[in-house]
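You will see chain A twice below: alongside chain B first, and alongside chain C after that.
Presenting the complex of A and B:
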């Protein structure tokens, strides 16, 4: 069995311990100020750099994946979203892909049923993925309460909806639980399914463990060990307003582990598979209309070729052709 | 493809949205609030538990009080030092902390926490 997940697990545990010990021995400003700023910088520079690099890459021909009937004769019904020929179709296709993960929803599994091959529709990956992404999105938006003063209305509204179960005190946020649940399911999927396990490497597990670490430390701080939230907001507001400082009396070391994990994740995004965050918008198999047969697409870096048309040829050699008895178009 | 323009527009929007906290606060540092104590609270010096504990866990105590009082009918709370208190938000807590706005709301607003105490309890008129 492929056990590369152990490397990632070990890496995340060691990184967590580094932050825990670091905060305990008085390196609070390193883990609370320097590293978060560096991480944001690495993210912004790395992200912009990567997207600009992609923007420079030529896409000479449309390589749309066609998942339905192409537009053809009038009496054959085209599939306008799965095989779009117009910008409108492309936009709808992209929206469905980005917001609803349509291509994951289409996932099938090939199996042998006795002698026969069967294709089964399997939506688990789609389910776990959509759970994870939306939970994480809600969690990130909710965290704006630590970085903005006064807290904007949409954050309050989201908190009300997210905490509608009113379980326990501080009230349970559904998104936190589903975030941890979904990442755990995604992890188990990679570890337990033999085919998934076979193709998974340490780089596939690392972000999962990191996000599980973030969720666990966050849940610990909110529901179990408890931290002084006002002090933490003092620190985070310092970061967001460029007046960084460590609040007097300090905050729990667990908070620095949480912050360190988040910093690592943020800095790691542009250099890893997590860059699909920007990549999905730029995937040429999805964001181009399949109009290769309707429009002529000329390769932009084609060299200028000197051409000699038949008209010019005849012009040059008309007399010789006539002498040789070859028919000419113009006399 | 000639989509460089569109990509750059998208990228700019992304960066602007992402840096929302930085430009929303426009570099103004806010002071973290400090709950204000009434004269009575200052005189009493000690809350039902230690201050550091109260700062982090007061909601837990209130939650426990609600359950023991409403569901079990037990009105007594014994703190870590063995001292007895009547488990009551309106009679015990608010007896000293009679300044909701300066004591409760300040930090709750700052941390964007909306306790549902006052869904059931009414708050007596502020004294100080």
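Presenting the complex of A and C:
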């Protein structure tokens, strides 16, 4: 079995320790100010660069993957979303992909059952991915409370819903628990399913462990070690208002581990597969209408190629054509 | 098919358990039965590709040019700059595995490198190493690896074990289309002169003679006349199709497979009978005597060269629009590439059926209509006299060819036609048809004898679904709208479900078509009796 996940796990543990020790020996400014700023910078520059780089390459051909009936004869009902011919159709298709992971929802698993090959509908990957992404999203939004003053109304509203279960004190946020759970499930999937294990490499495990690290340290701070939230907010507001500083009396080293993990994740995004968040918008098989026969698509580099013209062809075969009674241009 | 295992042995032997070794470490990717013979110099030179001389993929040392690494690097760079798709597909895969078991070649071989995600990783690993910041710093940790001769062998092995069917792309959350990756990979191999002859010979033939099979104009005419004799024998009606006739209203183009070998020839006869019954003003062309385009499986330039004949000939002959026959990848090219590459077709008119008056607005720019669209419209307007009972001995199922399904969305038209010309039609299971259809196992130029092992394995998912309806409903005829299918299915069915035959849709149409002045038909287009005489079971 492929155990490359151990490298990633080890890397994340070591990185966590580095931050923990670093904060304890007085490098708070490094982990609390310098690295977060660098991470944001790397993220912004990297992200913008990547997207610009993608945009620089043209889309020579309209290569829509059609997943439904085309628009042809009036009396045949076209599949306007899965095989869109209009911008509206494309937008709906894209929204369904981005918000609901529609293609992933189709997932099946092949099984050889006796003499039959069967394809069973499986939603686990879709479910874990949806849980993961939405909880991640909610957690990010909730964190706005640390960077914006006064706290935006929607953050408060979200927290009310998120804390609905009213378990424990401070109240449990569903999103945090779901994030940890879903990430763990995605990880277990990779480690335990033989095919997943076979295709997974360190670069696949690393972000998962990192996110588990983020969620774990976050949950520990909130529910167990009870860090000083007021001081943390002082630090984060300082970062957000470009007046950074380390609060008097210091914050728990656990917080620096959390922040360091987040910084790593943010900086890691543009240089890794996590760029899928941008890539999906530009994927030519999904974001183009299948209207090629109605509307000409232009290829900016459409090459001039040497073709074998009719005249050259007739040169080759004129006599044979004449003998066979096939009309020719030159008698 | 000499040394192939028995079907149940092959089936039992398929194992999807991944091997111990990581795929990066598995060497010797060249497996007998799964690689095709290399392209011959004479064909490569016609298309102006590098000519490596005589060689075999089984050779230890491959005939690579001195600076092969540089050629690949620059070729890769050029393609990244030309295709956004390539960049996006290189960067966004999260290796979620959703595509892994969607490929018929993986299902049939269990070879992990046939999982679409790994197939793409073969290229992606080089991309990371050579073109990304993370790859340059983190090397292997980011999933990169060095470009070695072994990698080239692996590309050759696995980009020619992908039929560019796009089934994987239906399931990928980002729409990553491994067919596109394969196409880029094949283009890179072409730069080194590494191609397979089963593709390069048709390409070279088509360039020179106008069709893949290298059939010269006089021979084309002879074949068609021969088929017309058969039609006369069956129906009593003499058809005289015209060739290269200027001023015809419609140019009809179909793959050369349709007039080369049965069962394609029956479909071709079907087209001619339909046109005759309608009194259609059409012509065939010897110059544009190929609908298919193996250039699609070679490079975008080769595709453009071959495709250019369609518009050029339509213009020369002064027709109003083009009608296209039953073929799969032909329609991928027409729907997704032709107008862009060789348009605008402003010398043609928006296609209008001279029989029903229907204007095909869906083809208002390419000016090319699919024959099942044309026929479905005829039937809808009651323009055909049909006797579906003449197909009663057939229990029909329908195979969606990959390209019309996933690169066009031609799903209902063929079904509508079949339902009107046959009384017994049964669908295969849901996950094996329409956009989820399975490849015949021989697409994208892989329909050659020497890869029969691969073809039978890759065709297993399709064949198994046919077997299901055969056992459940007594299906004995597999209908399709693709010339490669018509060549690939007979051996595939022979192996997995020998009781099932293969037909094109217009063969079924012509069986049912009641033509004015025809004599009473006693046989179908295959000269077989219309009714199964010895069938002792009571017909339902």
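We take it that the second predicted complex is superposed on the first by the 302 of 331 C-alpha atoms of A that agree within 3 Å, B and C clash if a C-alpha of one lies under 4 Å from a C-alpha of the other, contacts with A are read in each partner's own complex, and residues count from 1 in each chain.
Criterion: a residue touches a chain if its C-beta (ideal position, glycine included) is under 8 Å from a C-beta of that chain, and two chains touch if they have at least 3 such contacts.
Computed from a predicted model, the values in this text were never measured in an experiment.
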item: First (chain B), second (chain C), both or neither touched by A:282; value: both
item: First, second, both or neither for A:59, with chain B first and chain C second; value: both
item: First, second, both or neither for A:144, with chain B first and chain C second; value: first
item: Which of chain B and chain C A:169 touches, first, second, both or neither; value: first
item: Contact breadth on chain A, by residue count: chain C or chain B; value: C
item: Which of chain B and chain C A:48 touches, first, second, both or neither; value: first
item: Partner chain(s) touched by A:229 [first = chain B, second = chain C, both, neither]; value: first
item: Which superposed partner A:237 touches (first chain B, second chain C, both, neither); value: first
item: Common interface residues of chain A - those touching chain B in one complex and chain C in the other; value: 54-56, 58-59, 282
item: Interfacial residue positions of chain A with respect to chain C in the complex; value: 2, 7, 50, 53-73, 75-79, 82-83, 97, 101, 103-104, 106-110, 112, 115-117, 119, 125, 129, 193-204, 271-276, 279-280, 282-286, 290, 292-299, 301-303, 305-310, 313-314, 316-317, 320-321, 323-328
item: Residues of chain C touching chain A in the complex; value: 11, 14, 16-18, 22-23, 48, 80-88, 91-98, 100-102, 107, 112, 115, 117-118, 121, 132-134, 138, 141-143, 166, 169-177, 180, 207-210, 216-218, 221-222, 243-246, 286-287, 300-301, 304-305, 308-309, 312-313, 316, 334-337, 339-341, 343-344, 358, 360-366, 368, 373, 376-377, 380, 405-413, 416, 429, 431-432, 434-436, 460-461, 464-465, 467-468
item: Interfacial residue positions of chain B with respect to chain A in the complex; value: 1, 3-4, 7-8, 10-11, 14-15, 18-22, 24-25, 27-30, 32-33, 55-57, 59-60, 62-63, 107, 109-114, 116
item: Residues on chain A engaged by chain B in the complex (per definition of touch); value: 44, 47-48, 51-52, 54-56, 58-59, 144-145, 147-152, 155-156, 159-160, 166, 168-170, 226-231, 233-234, 237-238, 240-243, 247, 278, 281-282, 288
